[in-house]
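Should a chain be cited, it is by its letter among A, B, C and D, assigned in written order, with residues numbered from 1 in that chain.
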Amino acid sequence: MSGKSTMLRTFRVIVMRDLTLAMRRRTDLLTTLFFFIIVVSLFPLGVGTEKAILRQIAPGIAWVAALLASMLALERLFAGDFQDGTLEQMLLAPQPLSVLVLAKVVAHWLLTGLPLVLIAPLVGLQYDLSAGSLGIMMLALLIGTPTLSLVGAIGAALTLGLRGGGVLLSLLVLPLYIPVLIYGAGAVSASVTSIADTQPYLMLLTGFMIFALVLAPWATAAALRISSE
Amino acid sequence: MSLSEFISMGGYGFYVWMSFGMTALLITAEVVYVKHQRKQILRRLQRMAQLNAEV
Amino acid sequence: MLSVSNITCSRGDRTLFRDLSFSVAPGDLLHLKGKNGSGKTTLLRSICGLFLQDSGEIHWNDTSIRNLGEDYFREVVYLGHHNGIKDDLTAEENLTIAAVLDGDETDEKQIRIALERIGLRGYDDLPTRVLSQGQKRRVALARLLLTKSPLWILDEPFTALDTSAIDLLQEIIREHIAADGMIIITTHQEVALTAGHAKQLELGN
Amino acid sequence: MSINWFKYSSPQTFYPLAGKMTPWFNWIAGILAVVGLYWGFFETPHILSEQKQYYRILFVHVPAAWMSMWLYLMMVGWAVVGLIFNTRLSFMMAASIAPSGAIFTFLTLWTGAFWGQTSWGTWWDWDPRMTSELILLFLYVGYMALQSAIDDTRRADRASALLALVGAICIPIIYWSVNCPDPNECTALHQQSSMSAVEPNIRIAWLIMVFSFWMYAFAIAFMRVRNVILERERNAAWVTELVGRKK
């Protein structure tokens, strides 16, 4: 069994494991999604339901809500495994730890990032977004949320097992989300004028994702080793 | 440059002196706090040393 | 062959032990003794590479475990205070995932045999959440039957086990030592060996 | 004679050294500050008369901004050294630099707001550089929060060191994305820094102030690192002996 195929097999097994675990506790899945919906639905009540304003603030609101939702779900990424000792076994597995971490982050993204993309049409409805803008928002979320999960995993690993970890996690991770927020929301607001304008934004978001894909698993693995000494 | 001119700073005295004032305040506060912290640590260590000596 | 040379570990600013040296050869059972808080668990964790010792070297077949990295983990199984199983997964699923993580090729049959031997026949497709504490420990111990790693590091393996499980574990340990395996164990039980040689190491001054 | 760096790398030998150097740094910082301010306030009145007097805020705003960035880099430097060489003292240095860095960042924001009110008419107008300073403040606060949230000093040091490293890697990206939110026309970055348009006299003044802040940063860092050393090495024999002597 060459190294490559065991790594792929382990990657697949860890992703499937986390998905089955999540399926067995279905309610956890919905909390992140409903948090996003509630936050997005709150703003029109606060800001007023005048169409022009809503359309103007929609990109920022959707992205800030996506940031907060994905950040809230991060705390559970390693906490369960830390408590029952499975994280230790992963640290001791003869596989590169960053591959295992990547698998967990992919599973986490499938459970929290992807639903945000799929629920975006609801935001489009509430904020009277045009079809083009809605399409761009879904695409931007699709490219942006993996970066949020990857960078957030570093924070989750650093604050493993700490009391008040959730608030601390947001303090550590939110500043690092700022570039994704700026270009994510920027893409959607640019799509109002012309779809072609959004191309550089999406390129930048893809660049961030690749950058995070390369660096974040290594940093998270290092953080896990530090946290579970 | 008379004293009153110096204070008024061409009408921007408030802004200039608020900036300099906060800088001076924070720097002195930081030094005082670190010195106070040092005294506290030394006092606590001395008390612990005595306690250990007695036991 | 594991050799540890003048290792020093400290937790916070308390030095647990200093310049400890010992070695474990195939067929050895090293019994770590010492009162609670004497650093037994920290020593075990630094041997298996979870804890970075302050100074000193740990070598596996004369290469430092830091350089071996993941290859060293293939040689080691660590059973700590936690069982290392997910409560929402069934015993079978837990063992399959553990085997894949260890990089071993195990199939359904081997897992079923292991579960049967460990006394969990019929429980294998129940979520481990419903099992008792002792049964959960048995699922964790079942991993020892499946692994091919020569070096076992067991931290208080006998806790929460009933008498039949204790005898079973003693038997498994004897078999592993007889098959030239190596075990480092911390426990308050006495482990009677038929083959191989038992060593003792007292920790804490 | 070759300076044996590792001689001073243990907290015990570094403690007295820091103690001896601190007064020097304090004095130099004080003298430079006096010279800088005197030069800034009294040597340049005629030049400033037709320009607004509020330029003098620069004497504090610019050094503070520089220090906030340099101290973060110093902190990351010590953190990386600590992670590589596993030397406790490097982590202690990083921990003692963070508060000063945060204070300088806050000062930059405070003086920047006053500067903004005089020259742009608003206390805060999301100017890219000021926004980056605000984010830098969040990074400092995040570092210190993580450092204090973890009880085990060993894990606290290494976790916050890794956070500082990740933060340092992200800073250029954050700074760039804040400066150029619209990639289609990205002009913000070519914005001419207002420093170069300043009279040479004024620039000399705030250069002196920059050195004075540097000296002060060293002094306060060494003072704080002595506290951190005492705190963390409290069980060490030399500390109990030192405390005994200090009765």
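The rule we apply is simple: a residue touches a chain if its C-beta (ideal position, glycine included) is under 8 Å from a C-beta of that chain, and two chains touch if they have at least 3 such contacts.
Worth saying up front: this structure is predicted, and the values here are computed from it rather than measured.
Chemist: Select, from A-D and C-D, the pair of chains that is joined by more C-beta pairs in contact.
Modeler: A-D is joined by more C-beta pairs in contact.
Chemist: Between chain A and chain B, what distance separates the C-alpha centroids? Give it in angstrom.
Modeler: 43
Chemist: Which whole number of Å gives the spacing of the CA centres of chain A and chain D?
Modeler: Between these chains, centre-to-centre, one finds 33 Å.
Chemist: Could you give the separation in Å between the centres of chain C and chain D, each centre being the mean of its C-alpha atoms?
Modeler: Centre separation, chain C to chain D: 48 Å.
Chemist: Using mean C-alpha positions as chain centres, tell me how far chain A is from chain C in Å, no decimals.
Modeler: 36
Chemist: Scan chain B for residues touching two or more other chains and write them down.
Modeler: Residues: none.
Chemist: Going through chain D residue by residue, note those that touch at least 2 other chains and give them in order.
Modeler: 154, 234 - these are the residues of chain D that touch more than one other chain.
Chemist: Two-or-more-chain contact residues of chain C, please, as numbers and ranges.
Modeler: Residue numbers touching two or more other chains: 52.
Chemist: Per the touch rule above, enumerate the chain pairs that touch, sorted by label.
Modeler: Here the touching pairs of chains are A-C, A-D, B-D, C-D.
Chemist: In the complex, go through chain A and note every residue touching chain D.
Modeler: Listed in rising order, the residues are 154, 158-159, 162-165, 168, 171-172, 174-176, 178-179, 182-183, 186, 190, 197, 200-201, 204, 208, 211, 215, 219, 222-223, 226-227, 229.
Chemist: Which residues, counting only chain A, touch chain C once they are in their complex?
Modeler: By the definition above, chain A touches chain C via 1, 6, 9-10, 13-14, 17, 20-21, 24-25, 80-81, 83-86, 88-96, 100, 225, 228-229.
Chemist: Help me check something: in the complex, which residues belonging to chain D touch chain B?
Modeler: Interface residues on the chain D side: 41-42, 45, 48, 52-54, 56-57, 60-61, 64, 99-100, 103, 106-107, 110-111, 114-115, 117-118, 216, 220, 223-224, 226-227, 230-231, 234, 239-240, 243-244, 246-247.
Chemist: State the interface residues of chain C toward chain A in the complex, per the touch definition above.
Modeler: That would be residues 45, 48-52, 70-71, 73-74, 76, 78, 80-89, 93, 96-98, 100-103, 105, 127 of chain C.
Chemist: What residues of chain D sit close enough to touch chain A in their complex?
Modeler: Answer in residue numbers: 135, 138-139, 141-142, 145-146, 149-150, 154-155, 158-159, 162-163, 165-167, 169-170, 173-174, 176-178, 181-184.
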